[in-house]
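Two complexes, one shared chain (subunit A), two partners (subunit B, subunit C).
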Partner chain A sequence: MPITAEFEYVKPKDMDEALHVFSFYREKARALAGGTDLVVHLKENLARPEVVVDLKALEELAVFEMKGDTLRLGALVTFSDLIASPVVKNKFPLLWEASLTVASVGVRNRATVAGNICSAVPSADSAPALAVYEAEVIVRGIKGERRIPIGGWFTGPKKTALLPEEIVTAVELKVPSRKNAGCYMKLSRYDGEDLAQGGVAVLAFSDNTYRVAVCALGPKPSRCPGTEAALNGSKLGEKVLARAKEAILQEVFPISDIRSSKEYRLHMTQIMLERALEIAVSRLFGKGPKYGTENIV
Partner chain B sequence: MDLQKLITKPKKGVKSAKAGETLEVVGKSVLRVDGWEKIKGAAKYTDDLEFGPGLLYAALVESPFAHARIKAIDITKAEKLHGVVKVVTGRNFTQKFGLYMNDRYVFATDTVRFIGEQVAAVVATDPKIALRGAGLVKVEYEELPAVMDAVKALEKDSPLVHPDLKSYTHVPWFFPKPGTNIAHWRKIRKGDLAKGFRDADLVMEDTYTVPRYAHCAIEPHSAIGLYDASGRLTMWTSSQSPFTQRHVFAETLKSFGLSHKDVRVISTYIGGGFGGKAGVTMEIIAAALAIAVPGRPVKLLWSRAQEFYNTYQRLGCTAKIKMGVSKAGKITALDFKLHWDSGAYVEYGANVVNAAGLSASGPYKVDNLSIDSMCTYTNLPPCGAYRGFGYSEFLFGLESHITRMAQELGIDPVEFRRKNAIKEGDTLPYGAHMNPTGIRDAIDRVAKEIKWGVKEKSKDPKKAIGKAQVCFWKSPAMPPNASSSAFLKFNEDGSINILVSGMEIGQGLLTVMAQIASEVLSVPVSKIRVETPDTDRNPYEWQTVGSHVTWGCGNAVKRAALEARERILDLVQRVHCLDKSTLYLEDQHVKCRTKPDFALRFSDFVINGIQADDHTFKGGPIMGSGVFMPEFASAISDPETGQGGHPNVHYTTGSAGIILEVDRETGKMKIKKVALAVDCGKAINPDLVRGQIVGGLLQGFATVLYEDMRYNEKGRLLNPNFSDYKIPTVMDMPDVVVPIIIEVAQPDGPFGARGVGEHTMIPCAPLIANAVEDALGVRIKSMPVTKEKVALAVKAQKKH
Partner chain C sequence: MKKHNIEFSLNGEKVALEVEPSDVLLDVLRGRLGIKSPKVGCDRGDCGTCTILMNGKTMRSCLALAVEADGADLVTLEGANSRKWTQKLQKKFHEKNAFQCGFCAPGIILSATELLEKNSKPTAHDIKEAIAGNLCRCTGYEPIVAAIEETVKGK
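Moving on, here comes the complex of A and B:
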C-alpha cells in the first residue's frame, strides 16, 4: 500500500542540523528512527507531517554502552540490539524479558526503545520495565538538554513530556544497588505477536521491597505505589499477596475495547501480579523459570 | 502358456487389464510437482506478472455507510488530477451478476448496502495517483436505516436490504421471500418430528452462535484486465474459479459485445484461497475497468483491509437446536433452526445456507428431522464460500449439544456417537441414501489415539486437562451439473502434458492429477506436466471448491488417460496384429502377455506413429480427453420438505479428538494432542492428505480460539488487520497432531477417492468447547472460545 501524502524527507548529518529542523518545523516535523509506527501511520494518513527527519545518520544517537553502573540506550538502539546484549540480560533482565515480548523479530530488528516510549501507547511493553528500573529519558532541543525521569515521561495516551522542538537522544538506566530479580507478565490473545492487553512488571529486592508497574491497564503506563506499599517490608506470603492484589485494583483503570473486556483485564491484573511476584521472588533465590519464558499469559 | 505363468506368478509391477487392482503410483507420497518452483521463489503469482510501462492502476471510492442512497457523484476534481486516466462509476455497468442469485452490482449505483462497497474507481498511471484521485471523488449520500443482525432482519419493521428481491433471477432450488430480508429458506422435513419428541426421554434446547470469519490468505486478491483491439477481454486473476469467472464476466459484460469466446481468464498460482477466491468478487471491477479503458492493462490489487471487508466473508450463524434422545441413547428427533447473516449480497453465500440446510443432521441417522436454514440479508459485507461451507457453523452447536445430552443421560459421548453414526444405505435428510463410509473405524481409531475414557491430570496445579471427541461429515456443495474435463497429450519423448482447469490452491491438485495419469499410463510423474489454467487452452472445470476436484477432475483425468491408453492399444493391435486383451502398459512401453519379448517404447510412436512392414506410418499423436459430470445428481425437490432430489454427490466422514490443557485462572488453552481420522476413500497421495489434516486443524483451531470479525453498531468492521484479527503463529501450534487416514472406497471416485480438503477444519469448534467443559465444567456456547470467555465463565461459576 503506497503512502499517498507528500512530505519533505531530510536526513541531518549532525545533531545541530537535526535540532534546527525541529525548532523550525516543531509539530510539523516527525522523527524517523525505526519507522515501525511512523511508516504505518503515514500509510494510513494518521500522520501528516510536513517533514520527516531521519535520525539514522546521527552517530551519538547510536550509543549503546555501560559506563560504571549506568546503561545508555541511544535513541537508535533497537529491541533486537538490546536482546542480543549480554550486559542487558545480566544487569537488567526484566527489561530484556519485556523486550522479548515486543512485536515480532522482524519488527524488533527496526523498532527502537526510544521510539516505543515516544509513541507512548498505553500498551508499550518496555514502559513498565523502564519504570521499575527508574530510567531517565534524555532529550535535547536547540536550547539544551533535559533529563526526564520515566515517571514523569508519559502524560497521557500517546502523549509525553517531550516538547515539539526536542528529540530523545537516549534512555539511561542505573543498575539497582541491591540484589534484585524481576518478572514481566504480559496478557496477550495468543503467544504470537500481540499488543499487550495488560502488562505487569515486578522488581523484587532482597530486602523485601518491591517495585511494580503496569501497562495497558490505564491511559498510560505507570508505577503502582499503593501496591508497592502493600508489599514493602514483607516476605511474599498469602496475606501479603491478597493485600497487594486488592491494592492494585485501586491503581489500574482498564477499559473494555476490541482486545479485551475491562472485567477480564481486572481479573488478569490480579493473576499477573500474583504470578509475576511469585516468579520474581523465586528468581531472587536462583529458582523459577528462566527469563523470557512463561511470561505470556 | 505364457499367460498362465503370468497369472500364477505375477511379476512385480505388472498390471492387470483393469486399472486399479495393483497400484504403483496412486497411494504413494510422491513429491509435489510444484514444490521446487515454490521453494525457490520462482513460482509466479498474479501480482508478479509484468505488463510494462503501459500498466494502469485502479483505486476505489468506497461507501462510508452501511446503507445509504447515492444522491450525487462528482468526479470533476478527480478527473483533473494529473495522471488520472479515467474515473468510472456504475452508470455504464448496470447488469447485475451472481453465482446462484443475481443480486450483485459491479458498482453501487443508487444504493450502497455495506461499508466499503465500491461506488466508483479511479484509473491512473500510478497507484498513488489512483488513491489520491479516489480521495477527490465527492459522493453525496442520504443515510438509510440499516440492519446488522440476521434475527432482527426478520422483524416486520426491519429495513429491507433488497426491496426489489422479487425481480431477481436465481437458481431453481432457491426460495427467496420477496418483501422480507429472506434470500433463501432451505427446509428439510423428514419423519414425524412430534412423535420423535414424544418418544424422547430427554429433550434439550439451546442456542449457539458463530461470528463471521475472514479467510486471511497470504496473497490478497488481485486482477489485471486488458480489453484489446481485437475485441477480446483477457483477465489475469488470482482465482479458484477461472471458468466460472469467465462465464460471469461474459454474462455481465455482454452488452459490450462480448461472448464467452472473447473472454480469456488466465490463472496463476494462488497464495491461498480457502473459498475466498472462489466465484467472482473484486475481479468483476477489474474486468469493467478494462472495458472502460480499452487498449491498456488495468490492475486492481486489494489491500489487506479490503481483503477483510470487500471479499466474501464466512457467514455468521445463530443456531437454535432442539434435540430429543431416548434413554438408550438414540436421537429420536432434531429440530434445527439456522439463521445466517449473509450480508448485503448473497449471490454465493445463499448456497452455503442451502448446503448446511441439507446436511445439518450431521453424520447421524436422524429419522425425525426438521431443518430450517435461513439466508438473511443484512447491511454487512457480503458472505460466501469459506472452507467448510456452513458445516463448521452448524457442527459447533450440534456436536456441543450431543455431548451435553449424552452426559445428561449418563451415556459415554463417544459411545453415543458410535450408536447414532450413519451407515451406508441409511436415508439422508433429503431422502437419498448414504454412500459407503468408514466413520465407525474413524471413531475407534481416534478414541484409541487420545486414550478416551482415561482421565488425565496436569503436572501444573493451576491447569486442568480435558478431552473431547466429535464426528463430522461434509459433501461438496455444487450444482448438480457441475462438471470437469481434461485433455492429455503425449509428446515425442513419451512425456505428457495434462490440461485441466482444476486449480492448484496449495492442496496438491497438480501432483494428484499427474499421479492418476501416471498410474493408468505407466509414465512416471516426473515425465508429466500439469499447470494452472488458461481458459482459452484448458478444458472446462466448474470451480475448485467443495473438496471435489480430486474426485471430479480426477475422474476426468483418469478418463482422458484411459482414452489415450485405448488409442495406444488400438494402434498396436492394428499394426502388430496382437489382440488388445493381451496388451498392457508397463514402464512406458506397450507389452504383451503372450509375447514376452514384445516391448514397444512410447517415445517410438506416440507422436510419429508406428511404421508398418510396408514402410507406411500408422497412428499419429496420441491424446485423450475425459469428461466427468455426476449424472445421478439433481437439485430439484419439494420446497416444503426438501425431499425428492439428490443434491449431494457423496459425504466424507470422520472423527477428531483432543487432549486440551486449560489454565484455571487465565483460561489459556494449550492443545497437548489432537487426532483426526478422515475417510478419504483412497489417499492418492497420503502425505498431501496428512497435510490437509494438519492444515485444516490449525485453521479450525484459529477460528475457535482467536479469530472474530467485530463490527460496531454502524456496521463498520473494527479489525480489518492482523493487529486485531488474530490468526495463530508457529508459537501457537498444538504439541502433537496425529493424522489418520481411513480408506473405504468411494465407488465413483478415481481409484476410490473422495474429497478431504475442507473436512479437516470443521470439527474444531465443538472439540474445544467440549474439552473445556470436560476440564473445568463450564460450557461456552458462542464462538470464538477465547481464554477470556473461559476464565470469566470459571470465575462466574465459582461465585455461584
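Moving on, here comes the complex of A and C:
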C-alpha cells in the first residue's frame, strides 16, 4: 500500500539540528526510529506530519551502556539489542522477559523501547517492566533536558508527557538495591506474535515488598499501588493472595474489544497476578521456571 | 516534496536511485527494481511475507521508507544464495514439502537463515520463535519446523 500523505524527510546529523526542527515544526514533525508504528500510521493516514525526522544518525541516541548501577537505553536501542544483552538479562531479567513477548524477530530488529513508550498504546509490553523498575524517561527540547518518571509518562491512550518540541533521548533504569526477582505474564490468543489482551508484571523483593504493574487492562499501562499495599510486608500465602486478587480488581479498567471481553480480562487479571507472584517469589529463591517465554499464560 | 538521491547495496550490487520521502521500501523493491521475492501481504508488519535482510538482520520492508535504506546493505532471497544456510534450507523445504502456495516461503527462508547464522543448534522452541512473525496459511507449520530441524542435522 503506498503512502498517500506527502511529507518532507530529514535526517539530522546532530542533536542541535534535530531539536531545531522539532521546535519549528512542533506537532507537525514526527520522529522516526524503527518506524514499525509510524509507517503503519502514515499508510493509514493516522499520522499526517509535514516532516518526518529520522533520528538514526544521532550517535548519542544509540548509547546502550551500564554505568555504575544505571542502565541507559538510548532511544535507538531496539528490542533485539536488549534481548541480546547479557547485562539486561542478568540485571533486569523482567525487562528481558517482557521484550521477548514483543511482536516477532523481524519487528524487534527495528522497533525501539523508546518508540514503544512513545506510541503509548495501552498494551505496550515494555511498560509494566519499566514501571516496576521505576525507569526514568529522558527527553530533550531546545530549552533543555527533563527527566520524567515512568509513572508520570503515560497520560492516556496513545498520549504521553512528551511536549511537541521534545524528543526522547533515553530511558534509564537503576538496578534495585535489594535482592529481587520478577515475572511478566502476557495473555495473548496464541503463543507468538500477538498484542496483549492483558499483561501483569510483578517484581518481588527479599524483604517481602512487591511492585505490580499492568498493561492492556485500562486506558494506559500503570502501577497498582493498592495491590502492592495488600501484599507488602507479608510472605506470599493464601490469605495475602486473596487480598491482592481483590485489590487488583479495583485498579484495572479493561474494556471489551475484538481481542477479548471485559469479563474475561477481569477474570484473567486475577489468575495472571497469582501466577506472576508465585513465579516471581520462587525465582527469588532460585527456583521456578527460567526467564523466557515458556511461562506465558 | 523534496526527492532524495539514495544509494544502497542490493544483493551485492550498488543501486542508486531517486525516491520520494513517502516511497515505501517494499514498493520500490518490487515496483522499480523488479525484486519480487518480498511479497505484499498484510502491509502492516504482521505477516512477515515482505521480509528482507537489512545489514544482516531480518526486517519488514513494508515498514520502512525507501529513503531509510540509504547506505544500507540489503539482501533479498534473490541474492541470499551466498549465505551459508539459505540453499540448504531451500533444498530441505523442497524435500519436506514445506511449501504449498509458496507466498510465505521467501520470508520464512530468510528468517530461518538469520536464526541459523546466530544459532546453529536451535531448539524446536527457538525455531518456532524465529518464524513466529511469518504467517503460513497452507502447511500448518509442522513441515516447516521439521525442515529447519533437519537442515541443521544435515540429514
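As a convention for this text, the second predicted complex is superposed on the first by the 295 of 297 C-alpha atoms of A that agree within 3 Å, B and C clash if a C-alpha of one lies under 4 Å from a C-alpha of the other, contacts with A are read in each partner's own complex, and residues count from 1 in each chain.
Just so we're on the same page, contacts are C-beta pairs under 8 Å (C-beta built on N, C-alpha and C of every residue); 3 or more make two chains touch, one makes a residue touch a chain.
Since we're looking at a predicted model, the values are computed, not measured.
Asks: Who does A:68 touch here: subunit B (first), subunit C (second), both, or neither?
Replies: Touch status of A:68: no partner.
Asks: After lining up the shared chain so the two structures overlap, which partner does A:86 touch, if you call subunit B first and subunit C second: first, second, both or neither?
Replies: After superposing on A, A:86 lies clear of both subunit B and subunit C.
Asks: I'd like to know which partner A:107 touches here: subunit B for first, subunit C for second, both or neither.
Replies: second
Asks: Considering only touches as defined above, state whether A:258 meets subunit B (first), subunit C (second), both or neither.
Replies: Touch partner of A:258: subunit B, not subunit C.
Asks: Give one of first, second, both or neither to describe whether A:193 is in contact with subunit B, with subunit C, with both, or with none.
Replies: both
Asks: Who wins on subunit A residues touched, subunit B or subunit C?
Replies: C
Asks: For A:39, decide between first (touching subunit B), second (touching subunit C), both and neither.
Replies: second
Asks: Taking the superposition on A as described, I'd like to know which of subunit B and subunit C A:268 touches: first, second, both or neither.
Replies: first
Asks: If you stack the two complexes on chain A, which partner ends up touching A:286: first (subunit B), second (subunit C), both, or neither?
Replies: Neither partner.
Asks: Under the stated touch criterion, which partner chain does A:1 make contact with: subunit B (first), subunit C (second), both, or neither?
Replies: Both partners, subunit B and subunit C.
Asks: So which positions on subunit A get touched by both subunit B and subunit C?
Replies: Comparing the two interfaces on subunit A, one with subunit B and one with subunit C, the shared residues are 1-4, 191-193.
Asks: Mind listing the subunit B positions that touch subunit A in their complex?
Replies: 127-128, 131-132, 135, 303-304, 663, 665-666, 668, 705-706, 710, 718-719, 723-724, 726, 728-732, 786-788, 791-792, 795
Asks: If you look only at subunit A, which of its residues touch subunit C in the complex?
Replies: Interface residues on subunit A, with respect to subunit C: 1-9, 32, 35-36, 39-40, 42-43, 52, 54, 56, 80, 100, 103-107, 109-110, 191-193, 293-294.
Asks: Which bits of subunit A are touching subunit B when the two form their complex?
Replies: Going through subunit A, the ones touching subunit B are 1-4, 189-195, 258-261, 263-264, 267-268, 271, 297.
Asks: Enumerate the contact residues on subunit C facing subunit A in the complex.
Replies: Going through subunit C, the ones touching subunit A are 1-2, 4, 21-24, 27, 40, 43-46, 48, 51, 57-60, 62-65, 67-68, 107, 111, 114-115, 125, 128-130, 132-134.
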